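Let me give you the structure first, and then I'll get to my questions.
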Amino acid sequence: MVSLKGKDIISALDFTREEVEHLIRVAEQLRKEIDEKGILDYAKGKIMATVFLEPSTRTKLSFQYAMVRLGGTVIDFDVSTSSLAKGETDVDTLRIIDGYNPDVIVLRQKKPFFPREIAPIIKAPIISGGDGWNEHPTQALLDVYTIWRELGRLDDLTVGIMGDLKYGRTPSSLSYLLSKFKNITIYYIAPEPLQIREDVIKNIEGKVTYYKVNDVSQVIEKLDVLYVTRLQKERLPDPSLYEKLKGSYKIDKEFLSKFKKIPIIMHPLPRTWELDPSVDSLPQAKYFQQAQNGMYMRAALIKEVLGV
Amino acid sequence: MVSLKGKDIISALDFTREEVEHLIRVAEQLRKEIDEKGILDYAKGKIMATVFLEPSTRTKLSFQYAMVRLGGTVIDFDVSTSSLAKGETDVDTLRIIDGYNPDVIVLRQKKPFFPREIAPIIKAPIISGGDGWNEHPTQALLDVYTIWRELGRLDDLTVGIMGDLKYGRTPSSLSYLLSKFKNITIYYIAPEPLQIREDVIKNIEGKVTYYKVNDVSQVIEKLDVLYVTRLQKERLPDPSLYEKLKGSYKIDKEFLSKFKKIPIIMHPLPRTWELDPSVDSLPQAKYFQQAQNGMYMRAALIKEVLGV
Amino acid sequence: MVSLKGKDIISALDFTREEVEHLIRVAEQLRKEIDEKGILDYAKGKIMATVFLEPSTRTKLSFQYAMVRLGGTVIDFDVSTSSLAKGETDVDTLRIIDGYNPDVIVLRQKKPFFPREIAPIIKAPIISGGDGWNEHPTQALLDVYTIWRELGRLDDLTVGIMGDLKYGRTPSSLSYLLSKFKNITIYYIAPEPLQIREDVIKNIEGKVTYYKVNDVSQVIEKLDVLYVTRLQKERLPDPSLYEKLKGSYKIDKEFLSKFKKIPIIMHPLPRTWELDPSVDSLPQAKYFQQAQNGMYMRAALIKEVLGV
């Protein structure tokens, strides 16, 4: 039997196929209940601490909505007005929050692998909301949930992941989660300076078939899913790189209209220039549903981690 | 029968006299219930999203208190720590929040008429908390509620609106709401560069009697209400204009003591130099009550828009 | 009978010994109930306004957790996105919030003695969360609660308070609270420019035995408690003073290992260089427990002030 009760959720690599399928079932069930009743009471009396030490919209908000819809309470650590200005370390901040005994902590931090380091000294289960350029496991969960909802399967997929594969944390986690399924082909579509990192390749080697390509035109008709990502301006080692790479990949309606078959278009959002609003009206545009699915999937994850 | 259920609240022009009177009755009723019980349960299980893309104290806080006192839950979009820094458009931000299915969205945005543009693509009812220099309809509701509480009527009024009538959004909305009542005279009291905008005049022409004057001394004894407003420093096209206009109008106790009849003094707050704290002790000073009335009126509005 | 119902909590000087002992009993009782049930319902239907006009982590968060665990609701005034940018005074801000009728206001402000000034014009009871360099009464409550839990008594104590005694607000409040008990000796341990203020000495004169010393080595083996504090960088009149004083006092594991007897080590946190993480593993390190005790003590205080 699948149980995530009390577990830290830190890497998409840690999930089994059965756990992913279980979370999808729970998300679908919660979707029905939430859409009917608004606010449920699974998490009544439980407290979720949100600790976002990097900016966030969707992730923090969707965790907040998810917890509220489960009937629980959210207490946010507001980094903008906090004592970090006084020079406190993130480790101290987390130990103090942990001392207030929240039932779960959702943590975003700049430093890759920080959640793994801190988890052993924190009592509460930690759900990572992204650790720098490394991983974003709950994003990957909602991504595969979206693929499953749109295409009805998670085996036998050809997925193009396009954009900033080097500094982004969603391409890695999505690749890891897809690698749990059968007959997966991934095209990594990016200009050379943004291609997928070797540490990611090492983790999927032998589990998925993958290709690196520069031009989305070459492969788009083979794809079931085109997953577009933003250039991570804030993580580039050199700001001039942004100006050089800006616009080096872009999807708009006119471009897509050239092809006989258009895959579903996904994006973790926020988007900038790489995904034009002209795409929004196409039936293949699924990124707003994807964001919405995030609330239900995160509710499922919280419910399972709390064991309620 | 008056029903605001599911409606967007975007302009004071959209209200009928009957709707305003209905909201006042509901606000009075909720005042009694809230003062007795603290927190009610009309909005239990409902979620209000607050999305303030410009700074706010009173408006955001009073909506939060209003929703909490109705028994509902508020989820705030915290702009200061958000992904707007990553370049996301306000439209995307709102579509994503709308996807989390809040029961109502309270929106403040810099761009005039933005709520009108966005409303058709957002499922949740939108209550505007101010759109740049254009309008602030819920402020006007609490303004007329305050006038009604203090003077016992909304017909047959002479109101002076003083200060920054050009860049402010409260003079327009208050004028529009007053224009729904009978025998209204408005004196627009401002130095020339801050006089009331032509688009406002166009909307009230033929519905109220109005005059533009420069000096409050000439008209103050005719007024039932003197509504003072702050110079909108942050909206002036040229910062040097602020230094030029600073202090060009000002109310203090000494000034008021020269007149035989002092009208009730209102102000949407925050105030700076235009309304001196020496006025606070006068029985005519009603601006703190006005702020308090805002909580009850906004509770009434939320209740009606939710249809609970 | 001890009752704090409706009282302002502004200075540690205002407490009696009986009140402190009563609060400790309530904190211990609430600890049991909270650890068992998570969220209680003493404060159901009550609203706490948090108004932090200076940065805070622990204080604000622990009040939030405390109120939530009592079953109440917290509405935070978010200074970072507020109208203070528009030039509003803190007095106006507080009067407006008071008009929304919160059951209690937790206030942090830069100006020493500001809570005392404002309290008479604010209806809600005010709990000070620190007033500039002056006092931090609730910190002192959790400090003595921690001492009582660790040492089993509050009489017959020798306490060293070390660090920035001049610009810090915790040494004063802790001294005042200790002065309510019998046979107290305090060593003020600091370099001359950071020694305890004369206004503090005036308040404890004749009630405790005190000494000013420069070097902790001289006295450490006499101490029951060593209370370390951070250099208040943000309050120094001259920034160059920080560089001069940085590192002028410091506790680490190696230093402590030189002594035969090590007192319990406390710190109000956040810490910077003055308390090395190497100390964390010692059994005498009590600062994380101290932070945790803060949640229970603040819950006790809120409960008593609300009279629930």
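We call the chains A, B and C, going by the order they appear; numbering starts again at 1 in every chain.
Heads up, the rule we're going with is that a residue touches a chain if its C-beta (ideal position, glycine included) is under 8 Å from a C-beta of that chain, and two chains touch if they have at least 3 such contacts.
This is a predicted model, so every value here is computed, not measured.
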Q: Count the residue numbers both subunit A and subunit B use at their shared interface, divide by all numbers used there, and answer same if that is over half, different if under half.
A: different
Q. Can you give the rotation angle that fits subunit B onto its twin subunit C by Cα atoms, in degrees and rounded to the nearest 5?
A. 120
Q.
With centres defined as the mean C-alpha position, give me the subunit A-subunit B separation in Å.
A. 40
Q: Can you tell me which residues of subunit A touch two or more of the remaining chains?
A: 78, 80
Q | Touch list for subunit B against partner subunit C, complex | A | 34-35, 37-39, 52, 55-58, 60-62, 64-65, 68, 76, 78-80, 230, 233-234, 269-272, 277, 288-289, 291-292, 295
Q: Going by the contact rule at the top, pick out the subunit B residues touching subunit A in the complex.
A: 45-47, 73, 75, 77-78, 80-88, 91-93, 95-97, 99-103
